[in-house]
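First chain written, first letter: the chains are A, B, C and D, and each begins at residue 1.
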């Protein structure tokens, strides 16, 4: 969801190195990176293969309503929490690690190297974004009831914004409604790509909808409302595969809301505040997504080299055939550039907020998933058939990259934002 | 599987338009194209969505051993056969349509527009290739026992070449063995990406293996052997997903052969003839694959435009935003070029055989799947989340394109063949 | 110059192989190709290096007003004419070879392999287009006075359409005027990229301008007028370099027309007919340009391989380092596809005219120069510093490719045409 | 020139954010950037057009032996020096600004925005590299005689390394020799792409050659020798155009050295030290080149937007047609990434030296010129014909980008270095 008219333009028309730029990592960021990296290498990556094969055996596709969580996950969560590697994303030092966006970014990269890792550290989407919303905008009661168990990793949550019947990249297209009726709010609408809906531990959704009479201007006509998933009228229609089955069932689903009634107290920050909350929610979340992509790309590159060096054809290791080494170099170049730009965006977000860092946030939102998609494609190619199966994490990384090119604003919309700012910097208003 | 040392080089060193080039479609090719196109539009595409949803409901993933075939498929097959749209790929006019490769190519394009269509016309891989092998090289007995029911669409077949433990693009890496022991041949080895293995109607496999003492030279040390799937020692270990679940279970699996014994009469064309058969098998099959990719790309482009024109964001149809129309044009340009090159390759294959058309066959093998992958990626992007789900055929087309970039020789190997020929044409031998 | 509203759409909405497609080369086309190829190899390429070094010595840049033509050119022209390799582009068998567009296309490819060749066969732009205009639309007097000496290679000509002060890809932007005043037409306007203006043998220009009161509709408000270059008021302001000096001085210049008066009889086909003539002029000319690009790309590929095989670094021939062989293969694939599409466009142009072949003509106009630009870039890279100098024809080919991406409609405009037709085929009107 | 076997590999095998990363600009760097930017905008860019037209009028091509320097250059140099914007590249605070590589990098970006600017600040290649060599390795006498007047901007210098007859990217191919003969050194060999040779103010060359018996190992068999250009036996054979005439005559030439005799005292740092000097020379120079590319890309983007917003076609500003705004966004993204990576490389170079920063230096050497080439290509496309002429700085920027993809190691060699390091990090030695 993009708010074009909030685009802010730096007062200087000349483009030059930001003199205040300083994204040197802090000592505690370095320390967390180190500890998370070791935890992932020692405890998570070794059990990945076992996890997936057992999960697949236990949860045949289509049967997501009976989905069970593998005990490994809860074991690893307990271990991570005990070691203090818990809620690292949370900027509030009382509730989590208290790291800035910039400090957390390289930690997120490390968690991106394994599919399992983000959840193990209680740092996985959509919970992170939802927790941040509750922390920033929630009432005390909302925090007590929902934020607390989320921080404790006891429940999981869902975010319901995208709709099946309209182009959701334009927020003004939204059709779902949240209408005040006495002390209750009545919710109606169809949502899909509602992330996290398939998880049996998911108990609460944040539902975004239009409240037409809420505000004077068009940026105050949306609301965010907390909806317990067992409220009458909430119906999960189906789970959505992402390039096959990979994303299910933790993943995304289609949910219909029909005359769902919740107390007015479930509205977050008041009716009409949805747009503002959404803007704030998206900045750090995009940084996290992008850094996880970079971590995944590092792992894919590692797999590409390892495989390419261990198999032989036509008398040479695969990695030395044709343009394969050039592809290794191109991956290294692309990854390093994407990382630096994401760290810069994180720093700028910390300094001037999401609106002041729009160019950079939109830029990394385009760059990081595309870099991952390309590196994964090359890595798969070197793996041959194995690359397409689920014997490696590569197809999972592909699904992650490909879906992120659409989620939180498609590539094209972000390019539109960047271009608009460039033109405005030079006095071109349209 | 590529045989580098068979590369033949045109005697003329100058590269110019082949003066004999003539790939004008024949009247009967045009007529078949027309009839197949109408059949697909009227009978196949309208039931696609129903087919998939019912198949998914009936066959939860992981349960491929109990897989059942949807009755629609057999109904459509009967209807197609009744209309004379049956075995169109088969060059022998007694057994099929008797079309040349060039004549069949545009028919294959039409079948590529729907996932269901190739099987409906009894023109789907790997049966087509296997039938061609039996037709060209099979004994009368082999033809009677296996070719006949395949031509009748009563059974299906499997092709077992690729191996999990080596880089199979280099045939000399092959580890499976077929050793003569009296009147029997003893088969051992692990195969994967064995296409068609998941189909409950599959009864017979062609197993390729090394027969070390078969021939004097290294191109006569491989054999192809017919193995009924119920032979003791044949074990399907698992089905392999392609980017998730899409390909299963008709699709590909891992099959182990342990001391499998079949009569010597099951060897096709004699021990040591495997390499030669493989070469002949690959030419027409690649043309078919590529033309189906082109048909799929046409359908993806159609979906991209239809969706892009029907949804609106920021006040415009999606198709008019950003570079979307440029992407439509680029798709048209790429598709038209790929089609012409594939038709040219088909014509050349008919004229001078697969070895004389190596540049062209390798070229289309690189071009067609990559064009499809790009067009599908753009089409998915315009569809938003819907594009990634299985609400459209797009992710299926993606899996088709992506796997074909590896199957029958990865892109890089085909580029190596083309480069080698270019250099040889200019007297550069290494 | 593009006329969007003339876009014609095939009646069939389905896209499939055109059943009438037949672009088999005719025997006389094959024969001409063969003779031209030999002539270029034996007589033109061997003198290229000498020609350039002597031309550079004799004509220091900036001194184009004193430009002299190297005697080699006239010698080669005489030789070619004597051998009957003259005016091969001219469809009228009385005036030239009488080849169809399709028949001439592969001949144009051969001429594209040397910078000198097109002029040697009296087949170089802009004369070819100008001669075609005079042949199709000229009065007997115009033909006698200007077409005859052009056909004889005695004079050269200029085409003046593009203007420096407006985006000339949109013809409605044109500012130059041709106003009737009694028996005379008064011409005013600034033109640039007027091709051929620097040649001392150039005697006549075709000047395109607006005649606002000429016609009822907006497609009859432009005129083409013959202007002898010695007419008072015609002033060549300067020659324009194309990426440095390569194009000058045969090349392009800026010409101002100030109250230039010519007899009304100099108007071609009547006032207001300029648009229609322009449309007809562009079809075959684009085919010729594209086929010359393909010939140039073949030569660049040849140079790339020859150089890459003859120089060594790090213990290997350059051609075997990194991704170089992949680039050879990609060049072969791209060239072969571009050639087939251009031949198909030529055939379609012959069959249904330029408007019916708009997709194909726009497609090749995008494809061929971009293929050449890419192949040349790769070839230069393998040549190292030598590639950037004028020791090889490569930078000349680069200038040819790069300027053609703008001339006769920039890439983006042609993509717009193709997209518009695609959308119309599916009933999307805007 | 690349020295593969000096590749150093970080001890950590895991790739993660360098914890010591800190490339925050220092206050004095920020101040210099600001002053240089204003100087360029106020004094240099306004006279660019006048400079070029007068230079072209005064110095027709081919006449480089009589080349005269435009008085503007010396005037601007005097002004810049007076303002203290002089020798900013020089790390020695006694001799120049005393900036670190990282501090100077953003200053170099500003100078890259105009062709004239680097020389105005006495910061242009090859003088900067030559001065650095003399400063680091020169004897007192060498410094007095050559470094002093170079620092004062009184003379200019030449660097002679590349040879016409071998692939010079592999230093072991070098054929030129420097042989001790008593108190003299005798030089023989052919060099080309000798930068700066066309400048009438050039008085001294650094000549690199093999001294076969100099050292025990193969990295001590090259020498660098100072050769006054008026020494007998030094002959400039010709100037070399870069894509036409752009680079001449300040630019590059072919120089032959035939039995050239200079005193042994002219050897820099002793016979056999050439390799080591060359390595040190290349690091900072590559940073400077890349930052100038980034500055040039910023200017090209500025021109693209300004032009695209000021011209109209088909009813819209060009910038809003087709994919043009996407291209603006892609340029912004690419430029910002290239800048960050170059600054990171500069910082690392300062911290650990060129060998420790090989991945990063090779990476920017690939990235920066390619980014510039792409942005310039897009900017030219929007300018139409004007873009290809010399009415804008765009073709000059193109020549800069294109030649830098070959100079100081071609793209492919740098990718080879990066791949080698990646593989070594994972224990793959070949």
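In the analysis below, a residue touches a chain if its C-beta (ideal position, glycine included) is under 8 Å from a C-beta of that chain, and two chains touch if they have at least 3 such contacts.
The model shown is predicted, which means the values in this text are computed figures rather than measured ones.
Undergrad: Going by the contact rule set out at the top, which chains touch both chain C and chain D?
TA: Common contact partners of chain C and chain D, which must touch each of the two, are A, B.
Undergrad: When I count C-beta pairs in contact, which pair ends up with more: B-D or A-D?
TA: A-D
Undergrad: What's the farthest chain from chain A if centres are computed as the mean of the Cα atoms?
TA: The most remote chain is C.
Undergrad: Distance-wise, how many Å sit between the C-alpha centres of chain B and chain D, to the nearest whole number?
TA: Averaging C-alpha atoms per chain gives centres 52 Å apart.
Undergrad: Measuring from the mean C-alpha position of chain A to the mean C-alpha position of chain D, what distance in angstrom results?
TA: For chain A versus chain D, the centre distance works out to 42 Å.
Undergrad: Can you list the residues of chain A that touch 2 or more other chains?
TA: Those would be 322-323, 325-326, 412, 415-416.
Undergrad: Show which residues of chain B lie in contact with chain D when the two form their complex.
TA: So the residues of chain B in touch with chain D come to 322-323, 325-326.
Undergrad: Would you mind writing out the residues of chain B in touch with chain A in their complex?
TA: Within the complex, chain B touches chain A at residues 4, 56-57, 60-63, 162, 164, 166-170, 173, 192-193, 240-246, 252, 311-314, 318, 321-324, 380-381, 384-390, 395, 398-399, 402-403, 405-407, 410-413, 415-416.
Undergrad: Can you list the residues on chain A that touch chain D in the complex?
TA: 14-17, 19, 21-25, 30, 33, 37, 106, 109-110, 298, 301-302, 305-306, 309, 317, 319-320, 325-326, 328-330, 332-333, 336-341, 343-344, 359-360, 362-363, 366-367, 412, 414-420, 422-423, 426, 428, 430
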